Each structure stands twice: as structure tokens, then as C-alpha cells.
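In the two complexes that follow, subunit A is the common piece, with subunit B as its partner first and subunit C second.
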Partner chain A sequence: MTEDRSFTKIQELTYELRVRDAMVADVITVRPKQAIHDLRDMMRDKGFSGSPVVDKGKVVGLISIEDFIKCLAQGEMDVLIEQKMTRDPVTLYADEPLVHAVKKFDQYGFGRFPVIERNGRKLVGILTKGDIIKCLLKKLEVEYHEEEIHRYRASHIFEDIVADKTNLVLRYDITGKDFDRAGQAASELKKALHRLGIQPEIVRRIAIAAFEAEINIIVFTDGGQLSISVCSERITITASDSGPGIADIEQAMQPSFSTAPDWIREMGFGAGMGLCNIKNCTDEMNLVSEVGKGTTLEAVVYLNGKS
Partner chain B sequence: MTLEEISRTIEAEVITGQDSLKTEVRIGCASDLMSDVLAFAKPDAILLTGLANRQVVYTADVADIHAICFIRGKRPDEETIKLAEQKGQVLMTTRLPMFVSCGRLFKNGLTGLGYLDISKRNDRG
Partner chain C sequence: MKLKEIVEKLNLEVATPASDLDRDVSGGYASDLLSDVMANSREGNVWVTMQIHQNIIAVASLKELAGIVVVNGRKPEQKVLAKAEQENIPVMLTGLQAFEIAGRLCELGIRGNTK
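Moving on to the complex of A and B:
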């Protein structure tokens, strides 16, 4: 199963990465009018095994170590490169996905492809199979490292700390009628949950539910608390206030039912969607209220799917 | 569409976030009702709105939206702009009205949220 997954991952990367990411940009080139014997020095000094033949910036051919050996065997060391090179070689564009390059290696069986710009066809690099493998390994290593850091953040609290049960509580005090700051708690909470390494989609659901709960406390009460309890299997949002309470909870839960004053509607809220939004973003929601005493809303999101 | 293309299409002035104009946006979301934005918006959308208060920035942040365009020449106050900078958001403003802004963007390839299953919300509500 692991093998299957990593195969898919590499396939995915070959679509994501471009030829430019894998190629070697520092290319040794030769000119068509140079003699074959010039290649001898290059082989010795630079470990040459094949090189694009470039005339006026354009790739006109490819000369390989095999071509050189043939010339050596036949004593043709003074012949010009243009007579022995492979003409009009197959090239790759720098902006092509790497998967195209992989296909071309399979299709032609060549050891290398010159890489050119799509516009102007200028030579910008060279690509071998080895370059592709190096690039993929490097990318996999970087992604693995990122994943490791990401996971470490979460495990730092929920795995490294040894206890029978670990529970992290974030509490935000909400001031009633302070609309200017409305949304601040939800926004800060979102940042905190990201740092804890919670999955982005779950962070988003919690933040949306918390935002609506925060707005409700600000609009309808003189203040209250928003607390978020995080443990390894679930996140629980509790919003509590000692405000006026809700007389008819069933009615309050109806979409579009609202008792919000006009000023809050002008601010873009108060359309009666708040409680529905909370319910839709979370796996469980419970609302308890007593007129004159206050309201407590509890909503739960399970971290590993619904329990 | 990139944010740069969007600002050109609806003649919008970029208020903050010049560095992020190459960012690709898939979806447009137009609303003055922040609860609807929270309920329906998809990540990586641009929000077009006639509201220009701080809650728009908070709403976008919570809903994973990183670009906001104010319509009809609206412009948020300095504190809101600062908040958007902190949250890494791009703000722009266009003199065009909402309908025309959306129309131009849609014509140029930006899509909407598609069909929304509002009944689902009612069932559960």
C-alpha cells in the first residue's frame, strides 16, 4: 500500500514540476565548425558525455561520446562536428511538465535532451534521466520534512506530553455591543488552531462557527465567553453569556428568523443565519437557554470523522 | 484569473497587497451579508462587497478568502487596511457597481459557487 501511494505521489510530482526545475542550466556547448578532436579536451576537463551543438544561440545538433568513439576508431579526428552530429535533435521546452520529458526518454531512448525556451528557442539547459531522479528525490525530501514539522506541532501537545487525557482550552472574553472588535476572537482562534497543526478544513469550520457565536454574544448580550477545548479526538466550542436568553429556541434556529436590530444588519450580520451556520459547520450542536439568565451554546467537531 | 487580471477587468485600484497580485483566484463571491459569505464561500475566492468595515476582513480571514474588492468606490478606513495587511489580504476598490463588476468578471472566465444546496441548510436549520 505504501508503495502504491509513493508511486502516485511521484506521478503527481512529474505533473507539478517543470523541466526547468530539474534541468542543469550550466550547459557545455560546442559549435558546428569545431573539429572532433576539440571534444577530447572537454572530455578530460569537464567529464563531458554529450553536448548540444549551438549556432547563433540555436540548437542545431547533438554530439555524444559514442559519436566521438566512432570517429576515434576511424581516425576522423579532424572532421568537423557538424558532419558527425545528430541533426535537429529532439528538444524539450523549459516550461513543459516533467511528465513530458519522462515520456520522451521512454519514446526515444536518448540519454539527454537539450532544453530550450518556447519563445525564441534559445538553449537554456540540458536534462538527463539522472537530473529527473535527483529533482524528484529532492522535492520528496522537502515535502517529507514539511510534513514532519507539521505533524510535530500537533504531536507536541497531544503525544509528547504524557497524560491519561490532554485537553487544551483557549478562552476569549467577548465584550457585549463592541462591534468594532467583532470577529477578532474567531480570527485569533483560527491562527492558534493552525499552529496546533489541526487540518485546515477543520480549522475553517471551527472558525466559522466561532465567528457566528462571537457575533451573537456581541449583538444580543452584555458580554460572555468563547472557549474552545481541543483534545486529540475532538474540538468543542462553548459560547456562554449571562444575557437575556432565548425564549423560543426552535424559532431561533429557523433560517432567516432574526431579532437583530437594524444597525447590526447594516454591518452585514443579523440576517438570521448565524445559528444555522454553526449547526452546519459542526458535527453536534446543543443550545441551552433561560430567559433572564443566559445562554450556553456547545458545538463539537470530531477530528477523525464523526464518531 | 490572477488578481492582477481581475483588477484590470473591473478597473479596480489596489489598496494593499501589491505583492500578491500574481495569485490565482478560481471563484467569485459577491455579498453584503457576511453570514452568507461564512456559510457558502469557498477558499481561494475573491469577495466583492459593498460593505467596508473591519468585519469584512475578519469574515474573509475566517473563510480562507485572501482577496476583497469593494464596489461603488467604497474604501475602508486606515485601521481596516492595517488589519488586512496583518492578515495578508489583498484589498482593492472599484467605482463600478456590483452587477457590472460581477458581469465583467464572469464574462472573463471567473466562475461562481455553482449550484448551492440551500434546501440542505433549511432541512437542518
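Moving on to the complex of A and C:
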């Protein structure tokens, strides 16, 4: 499971990071009219295994240690680099996502790619597989550290803040009929609870209840609020709106009873299960409503078993 | 079974190339009612549906499902797929109907959840 997550994270990072972030900017280059024997000193002194061949600022080829060894074997040390280099090498753009580079390494099996600017095609760096790994490890370390700090701070909130009673309230404003953002408040809230160090099983239950309450506000009202109150012994979800109200609460609580119009049902909502779901995944639920005035739903989950 | 094996064996089209297919599938659930999925699907399930609205991503993410198989040749809009990639929820497409794909998943050994 942990392995799966880190794999995912790395994939995510390869989309987030650019070639520019991983490349080495200080590139050693050679010119096409230099002789092969010039490479000998460079390779010995600077310890590199291949180099872009640059003419007037543009990359025209790539010369590698393998090319050099071949020339050495055949006694062709005075030949010009341009005769032995790989011409028009595959290059990467500095602004490409790193995932493109990963794919190109797989596709071509080369050891390195020159990195150029998209505009002007000027050489700006070079990228090896090792550079990608270094960059990913560094980024992972930084992010891991940041998340640790976030989680540490959040999960100690109830211990660090001394009061007779501590209560953390998170409030989310819900826009009516905004189906594109439906579920967003529940997602945010789930992340927040996770950071607070709440048990995953409880976070899951709260997330279901919050999602259903959020959807109800979106489907049936012009908007409202979803808030969650966390204290050391329980989490309380409150969903309130000022609109149209529920005529018969007992009926609304019946499984499959729904007043949702067809177009809402076509999106998969309005199955008449929302309130039942909330009831089933929380320890207490209370619904108060007045037609024309609004509805307030309150649901409680106890953190240490029901008290 | 890993999701990527299912993708290969059932010839599913992965509509979210950036999402992670290297995850274990705990079972399957088929439904077009979001609240039903919220109530009855389990973590790691592959979800068979014909819904293509953005909210399927929210549901799959909240329930930590392994992925969504969209049936009947339907395809979610690009913004939905982008959201799916952002949440790392694989969305897979098939021209088959829900009944047929569920049957083939069962043949591969993917079962429904038992109480």
C-alpha cells in the first residue's frame, strides 16, 4: 500500500516538475570543427561521458564516450567531431513536463538528452536519468517534510492548546445547483480530518455524511453552509440552508423516497438514499425543517465509541 | 488482481493516462446511483457505471475506489478527466454494456462485496 502511494506520488511529480527543474544547466559543449582528440582531455579532466556539439548556439549533434572509444580503436583521433557525432539528436524542451523526458528515455534508450529553449532552440542544459532521480528524491523529501510538519501541527492541536474545552469548527459555503463543485467541500473536509489525525474509519463515515449533506444543499436549495465541529470526543456535522424546507421529514427519511426532478436523477443524484446514508454512518442524526424557511441537519460521530 | 491487469485483459481504454493503474482491486460494484455507491461500495472496488458527470470522481475519491469503468461507449468530458487525474482516479472506457463487463470482471475473479 505504501509502495503504491509512493509510486503514485512520483508519477504525479513527473507531471508537475519540468525538465528545467531536473536538468544540469552548466553544460560542457564541443564544436563540430574540433578534433576527436580534444575530447580526451575533457573527458579525463571533467569526468563526463558525452557532450552536445554546438554550432552558433544551436545543438547540431551529440558525441559520446562510445564514439570516442571507436575512434580510439581505429586510430582516428584527428578526425573532426562533426564526422563522428550523432546528427540532429533528440532534444527536450526546458518547459516540458518531466514525464515526457521519462518516456523518451524509455523510447530511445539514450543516456542523455540536450535541453533546449522552445523559442530560439538555444541549448540550456542536459538531462540524464540520474538527474531525474536526484530531482525526484529531493522534491519528495521536501514534500514529505512539509506534510509531516502539517500533520504534526494539526494532530497536536488538542494537546498544544490548553483550554477547558477546545472546539475546532470548519465551515464550507455551498452554492446551490453548482454541480461542478459538488463533493468539493466533503473532499476538503476529509483531507482536514485526515491531517487532524482522526482514525481513517471515522474519517470515511464523516466523508459520506458530509457528501450527502452537501449534495442535498446543491440539489434542493439555493445554497447553504456545511460545517463540522471537532472536539476531543466527537465530530458534529451541521448542514443548514434557507430553502425550501421539507414538508414531511418522516417521509423524507424513507429509503428511496425522493422529490428530485428527472434531470437531477439522470446525473445519478436523487435516489432517495442520501438521508438514510447519513443516518447509517453517524451515531446520531437530527433534522429540523420548516417549509419556506429552511432545513438544518445535525449528525454526530463519537470518536471513542458512543458515550 | 491489479487494475492494470484488468485493463489489459478486458481491453479497456484508459482515459486518464496520468493516473496510477498499479493498485489492487478489492472487488467490484455496479451502480448509476451515486448515493448507492456512497453507501455500498468498498475501498479498492472497481466501479462500473454509465454516469459521466464530474461527481463520479468525487464519489470515487471519497470512497477511495480503485477506479471507474464507464460503459456503453460513453466518455466523460475533458474537465472531468482532468479532475480524475488530479485526484488520481483511473477512468476506463468500454463499448460493452454494464451487464457484460460485470460478467467479464467476475470471470477474472473480481467479486461483489459481501456483507
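Keep in mind that, in the parts below, the second predicted complex is superposed on the first by the 155 of 307 C-alpha atoms of A that agree within 3 Å, B and C clash if a C-alpha of one lies under 4 Å from a C-alpha of the other, contacts with A are read in each partner's own complex, and residues count from 1 in each chain.
The working rule: a contact is a pair of C-beta atoms (placed from the backbone, for glycine too) under 8 Å apart; a residue touches a chain by one contact, two chains touch by 3 or more.
Predicted model only: the values in this text are computed from it and were never measured.
Asker: Check whether A:Q199 is in contact with subunit B, with subunit C, with both or with neither, and answer first, second, both or neither.
Answerer: neither
Asker: A:Q251 in the overlay: touching subunit B, subunit C, both, or neither? Say first, second, both or neither.
Answerer: neither
Asker: Tell me the contact category for A:N280 with respect to subunit B and subunit C: first, second, both or neither.
Answerer: It touches subunit B and subunit C both.
Asker: Applying the touch criterion given at the start, work out whether A:Q11 contacts subunit B, subunit C, both or neither, answering first, second, both or neither.
Answerer: second
Asker: First (subunit B), second (subunit C), both or neither: which does A:I208 touch?
Answerer: both
Asker: Looking at the overlay, does A:S187 come into contact with subunit B only (first), subunit C only (second), both, or neither?
Answerer: both
Asker: Give me the intersection of subunit A's contacts with subunit B and its contacts with subunit C, in residue numbers.
Answerer: 179-180, 182-184, 186-187, 190, 204, 207-208, 211-212, 267-269, 271, 273-274, 276-277, 280
Asker: Per the contact definition, I'd like the list of subunit C residues that touch subunit A in the complex.
Answerer: 18, 20, 22-24, 32-36, 38-39, 43, 49, 51, 53-59, 61-64, 79, 87-88
Asker: Mind listing the subunit B positions that touch subunit A in their complex?
Answerer: Answer in residue numbers: 32-36, 38-39, 43, 49, 51, 53-59, 61-64, 87, 120-122, 124-125.
Asker: State the interface residues of subunit A toward subunit B in the complex, per the touch definition above.
Answerer: 179-180, 182-184, 186-187, 190, 200, 204, 207-208, 210-212, 253-255, 267-269, 271, 273-277, 279-280
Asker: Once bound in the complex, which stretches of subunit A touch subunit C?
Answerer: Within the complex, subunit A touches subunit C at residues 4, 7-8, 11-12, 15, 99, 179-180, 182-184, 186-187, 190, 204, 207-208, 211-212, 215, 267-269, 271-274, 276-277, 280.
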